[in-house]
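Look for subunit A in each of the two complexes below; its partner is subunit B in the first and subunit C in the second.
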Partner chain A sequence: MTRRDEISLLLLAGLFLAVGAFTVYLWRGGDARAVFTGAAVPALAFLLLGIMWQALGFRADQYLLPVVAVFSYASLVFLYRLQPEYAYRQFVWLMAGLFFLFLTTSLFPRYRWLSEYKYVYGLLGVLLLIVPIFFGVEQGGARSWLDFGLFHLQPSEFVKILAVLFLASFMSENKMVLARGTRSVLGLALPGPGEWGPLMGMWGVSLILLAFQRDLGTALIYFGTFLAMVYVATARVLYITFGLGLFTAGGALSCLLFDHVKQRVDIWLLNPYNFIELGDREYNQAYQIIQSLFAIGAGGVTGAGLGAGYPRYIPAVHTDFIFAAITEEMGLAGGLGIVLLYLFFVYRGLKVALEARDDFSKLLASGLTALMGLQAFIIIAGVTKLLPLTGVTLPFISYGGSSLVANFIILGMLLSISHEARSHER
Partner chain B sequence: MLDLVLTVFRFLFLALLYFFIFQLIKMIFRDLRAGEQPGEPREKPVSAAFREDPAREGAAPQPGAEAGLVVLASGDPGLPPGSTFHVRSWEEAILGRSSRNTVTLADPFASLEHASVYKSGGQYWLADKGSRNGTFLNEVRINKPTVLANGDRIRIGGVTLQFVRWAYEVESGNGNGFGQEAK
Partner chain C sequence: MNDNIRKLGYFFIVIFTVLALYLGYLNAVVGPKLSADPHNRRLAAAEEAVVRGVIFDRQGVVLAEDRMVDGVKKRVYPRGRETAHLIGFVSQRYGRTGVESTFDRYLLAMDEAGRVRALVDRFLGRQRYGYNIVLTVDSRLQRKALNLLAGRKGAVVALDPRTGAVLAVVSSPSFDPGSVDTVVRTESSVQNGEKVEIKVTGYDILKMQTGDAPLLNRATRGVYPPGSVFKIITGAGALEANPDNSARVYECKGSIAVEGFVLKDFGVHGRVGLNEAAAVSCNTYFASLGLELGGEGLKRAAENFGFKLVEYDKSGRLEGGYPVAGDEIHFNTGTLPANKMPLPEVASAAIGQGRVLVSPFQMALVAAGVANGGTVMKPVVLERVVTRNGLVIKRMVPEAMHAAVSPPTARVLARAMEEAARTGTASRAVPAGIRVAGKTGSAQNPGGQTHAWFMGFAPADDPRIAVAVVVENGGPGATVAAPIAGEIMREYLGEVRGE
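== the complex of A and B ==
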């Protein structure tokens, strides 16, 4: 079993980065040595990882890492194009992410013991969510950051992983009973409170906490992942219908309770241009969406070209709205290419889940994949006004250290599961 | 001049993204094709069943074992789909959670002695042994001993087994015996 595909795809991705870096350098100028280092080091680091895995006989899926490499490279190129300082910081976080990726794949080849500690994840997760309420700092309407002086950390990015671990271990243990039920209520077979109690309690707590932090995008991702995992575990449409009903009710309630949610829904439902004419500062949310739509439209099919767009008019362009900048400069084609790559990521992730040999691994892999896919979907849909905008990062591309490192840990876990499943073949 | 170079490189950047995607699709396609061959034998019921238990060596049925039960689906990794159990004509094959049974079902919805399959009057019968959650024959719950036909599906909790008469299988030649009428 060689990893030839992975290495040749990584080389190709490296070429993509080289061309991108050279173009941005031609356009912006700046420190040639910094651009060269910023492009060469990540490309070599990814390659080194591939070669090392080949030497160590790592058997995991070969296509996930190159896809993530393209995301990271696009991130570096566009961040440098937007604001070189962001690119420098992202470079450091990328190196940290790769380190954590290697750590995860080498520390957890036998990750099954992780299923033993489900209540530890539950407690730790709730704790990590509570801490920012008291000690956190607010950024962009969401109070979910911890200030460490040198850098800000967003614990909810890591709680996502803990939540999936908790759900995977709990559901793999109680799968049968959850799927078929032990009692009958109004002709429907339902499990007893002993089975769904901890599950619902955990979810209620985390969603309430997230609502307090006003980080509703993350709450949405949690809830979607939860539903996806329930469906994977039980294959019962009833739960999904019930969950969607709950979600609709929750959405309507938060629309009534939170002004910033109501605003976003209004902007989404009505014509956003109306809100600008109001001239109300409260409605600069509409301004974000409008600028994003203008940028995407201005890109046309093949885009304005790297550096030739006007992304400086889009607010939060380096984090939530980076997809708009990419689409402006690489066009519909570039935007669709990125969406396609996310689809590939999800496809390979679900393939890992299919190949896994036990329920815990299957649930873990499908949960992590759902997490990633939903996050990409929610922000891309938000930026293109398909859904009301909720601020989350575009996985691997948006600027942001916590999110990048957490995503690399998720990738590492997926690859570990894949390696474990395949090392039993033959 | 710079503008021209810049334009060329801008398009090259986009083209490389698509070249990457194209290569990725090509490789994944090849991987899927290659995956089919080594993957298939694992799925074949017979090889899996005989690897599980060396006592059942050989595809030819043992004397007196002219019928069997093949696992189609189960939630228990210890009972993979494809596992085969022989039903001998002179004894009652008991299905249930107890490990003394012919077929041990580690399923929370199965009773200790859940159901039995036996031969009587030249035919095979399925009987429920007073189980808590019922025995289903082709998804219909049985309440009295019922005659089994080749290809019938027996479901107990989350485990589905298919009843197979070897004699039919050899004759029909298509291997699964579905829809084969008695001669």
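== the complex of A and C ==
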């Protein structure tokens, strides 16, 4: 068993990074040594990881790491192009992320014992969510950050993992009951409160997030992941319909209760693309999303070229809106490339779930995959105005340490599951 | 469980496919519109780097070009006030308007090929040029129309009914588009104990003239009650509902009573058919046609010509904005109330009074529709886009917009309008040797004298130009608006014949 595919794909991805870094360097100059180091070190680190796994006989899926490498490289190139300081910091976080990736894959080769501690994740998760409500600082309208002086940490990024772990353990244990039901209510087979109670707790947690942290996007991702896992565990469309109904109700309620949610929905409903007719007040309110659409529209099919566009007209372009910058400069071709790569990531992730040998692993893998897929979808749909805008990061690409490290841990867990499943193949 | 996981995978394939398709739509379909949006700061950024394209009229007369003035690149409008509203202006401070804004993506070469070229030029350090554009507009008609309006508030629109090509769009009073950014004077005032210098620009001065509103493009954005010119639409509706109406004869007693409301006429016209009614502009004849047609029928007839129905709230104000149409030229459509109209209002609407409003551009489209056998062509102003080296990269393609009436109805209407121009109120619009079809209007309004209206086309047997004229509070359409239209038609048809 070799990892030749992975290594050669990583080399290809490295070529993308080399060209990108060179172009950006020619365009905006800067310290040549810093650019070279910033490109060479991550490329070598990824390769080293591949080689080490090869040496250690790691048998996990070979395509997930190269995809993530492309995301990380795009992140470095575009952050450097947008604002070099962010690229420097992202570089450090990327190294940390790779370290955690390696750590995850080596510490949890036999991860199944994790399923025993479901209430620990539950409690820890809730605790981590509650802490920022009292001690947190606000960024971009969402109170979900902890200030550690040197850096800000967003606990909800890590709670995502805990939540999926909790759900996977809980559902693998109660799968049969949930799917069949223990009693009949109005002719519908439903499980008892002992089984669905914890799940409803999950819905409550989403709402807490929404209400107190004012973090609509993260709540949406939690809830979507939850529904995806419920479906995988039970195949019961009734639950999904019911869940969607509840979330719609929650969404409508929050739209009435919270001004910032209502404002985003209003912006979303604005006369779609005819900004010429927009009044000054409306225009200013929707400024960010309009700038994002301008950027995407400016790209055309081939893009303005790396460094030749004006993505910095978009406020917060380095975090939530980085997709708009990529589309402006790499065009529709680049944007579609990114979208397809996320879909490919989802495909490989679900393949891991399919190959897994037990319910817990399957649920865990599909939950983590759904999490990543939904997050990518929600933010790309948000910055393109397909859905109302919610502030979440584009996995692996947006600037942001907490999210990057959390995503690498997720990748590590997926690969561990894959490795475990394939170790038993002959 | 694997089955469920697979289905989850299909779900992701579906949502990502939707996302990809939407992205393509955004990029290819909406993208060009977004690039030309005046809010887009990329335009100003591109402006710095590019020599903006030249705008020509149909005969090759320069309407706008970049020139070096004292070593500074400046946009110059040689025809000044004559084309001010149509061409618009480009200003760092006040944005971009008119054709300059609509065709930004060509003038700055922001299409796919231009983007690639921009990279190459930037790499080679060459000066970049936008594309030149040639308009369908005739600058001689522009000048003529502005002179004929002679400072009065009003507008002239001329179209080629066969293609929808815009020949003239003139609004009066006009302004000098080159003076928008010019600092006229500096006022100093004291604010919070500090002396503040306020620069007053040409734009500020124009903006202050709220009465004349010289910045308002009356031709496309002015809305007026149409008065009797609307009778052609009433007639169109009646003929479409029942072709026998062309032979109908009506006894005009000088007034008509509808549920206690008496609609007066200008005279007792006696027994009139469609042609005579159009010639003398008989109110009772067309009011009775409208009543027969009913409120809904009248609305449908107007909608066929591109009118829109609008909601009025309880206090009689328009809900939402005024509807706007058009790709290359944005114009206010005609409107009728969406709410059910009581019978007296139907009778008024049938003769173009009450809550019927229309822009001169819309009325020119109506005339063009009748002239073109009932089909309204999509109005276009861009004849072609040419690179600096003479390569044509886009050319106008005529396109039908509304099938307003059937060809037989259009023929009957055209004959009635010709009769009106030959013997009736529109006769002052007829230059020697040209057969004109037309209809005048004198629309009552709260602002004093009637608005003088004319709409029509010529030659009646082979229409090549359709014209709409309005003079605000100018008086009767027959003596004020019709002669202006006649001059415009003579100028244009004389020119064409001389070619």
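We adopt the following convention: the second predicted complex is superposed on the first by the 406 of 426 C-alpha atoms of A that agree within 3 Å, B and C clash if a C-alpha of one lies under 4 Å from a C-alpha of the other, contacts with A are read in each partner's own complex, and residues count from 1 in each chain.
Note that in this section a residue touches a chain if its C-beta (ideal position, glycine included) is under 8 Å from a C-beta of that chain, and two chains touch if they have at least 3 such contacts.
None of these values were measured; they are calculated from a predicted model.
Chemist: For A:232, decide between first (touching subunit B), second (touching subunit C), both and neither.
Modeler: second
Chemist: Quick check on the superposed pair: does A:71 touch subunit B, subunit C, both, or neither? Answer first, second, both or neither.
Modeler: A:71 contacts neither subunit B nor subunit C.
Chemist: Does subunit B (first) or subunit C (second) touch A:158, or do both, or does neither?
Modeler: Neither partner.
Chemist: Have a look at where A:58 lands relative to subunit B and subunit C in the superposition and call it first, second, both or neither.
Modeler: Touch partners of A:58: none, neither subunit B nor subunit C.
Chemist: Which partner does A:340 contact after superposing on A: first (subunit B), second (subunit C), both, neither?
Modeler: Touch status of A:340: both partners.
Chemist: Could you say whether A:308 touches subunit B, subunit C, both of them, or neither, answering first, second, both or neither?
Modeler: Both partners, subunit B and subunit C.
Chemist: For A:23, decide between first (touching subunit B), second (touching subunit C), both and neither.
Modeler: Only subunit B is touched by A:23; subunit C is not.
Chemist: Let me test your reading of the model: by the given contact rule, A:80 touches which partner, first (subunit B), second (subunit C), both or neither?
Modeler: In the superposed model, A:80 contacts neither subunit B nor subunit C.
Chemist: Which residues of subunit A are in contact with subunit B in one complex and with subunit C in the other?
Modeler: 302-303, 305, 308, 331, 340
Chemist: Taking the touch rule as given, give the residues of subunit A at its contact with subunit C in the complex, in rising order.
Modeler: 228, 231-233, 235, 272-278, 283, 290, 293-294, 296-305, 308, 310, 313, 327, 331-332, 335-336, 339-340, 342-343, 346-347, 350, 353-354, 359, 362-363, 366, 370, 373, 377, 380-381, 384, 386
Chemist: Spell out the residues on subunit C that touch subunit A in their complex, using ranges where they run on.
Modeler: Interface residues on subunit C, with respect to subunit A: 1-9, 11-13, 15-16, 18-20, 22-24, 26-28, 30-35, 37-42, 45, 110-112, 115-116, 118-119, 122, 321, 324, 330.
Chemist: For a test of understanding, state which residues of subunit B touch subunit A in their complex under the given definition.
Modeler: Subunit B reaches subunit A through residues 2, 5-7, 9-14, 16-21, 23-24, 27-28, 31, 38, 75, 77, 107-109, 157-158.
Chemist: Give the list of subunit A residues in touch with subunit B in this complex.
Modeler: Going by the criterion above, the answer is residues 5, 8-9, 12-13, 15-16, 19-20, 22-23, 26-27, 62-63, 66-67, 70, 74, 77, 175-177, 179-180, 302-303, 305-308, 330-331, 333-334, 337, 340-341, 344, 348, 357-358, 425-426.
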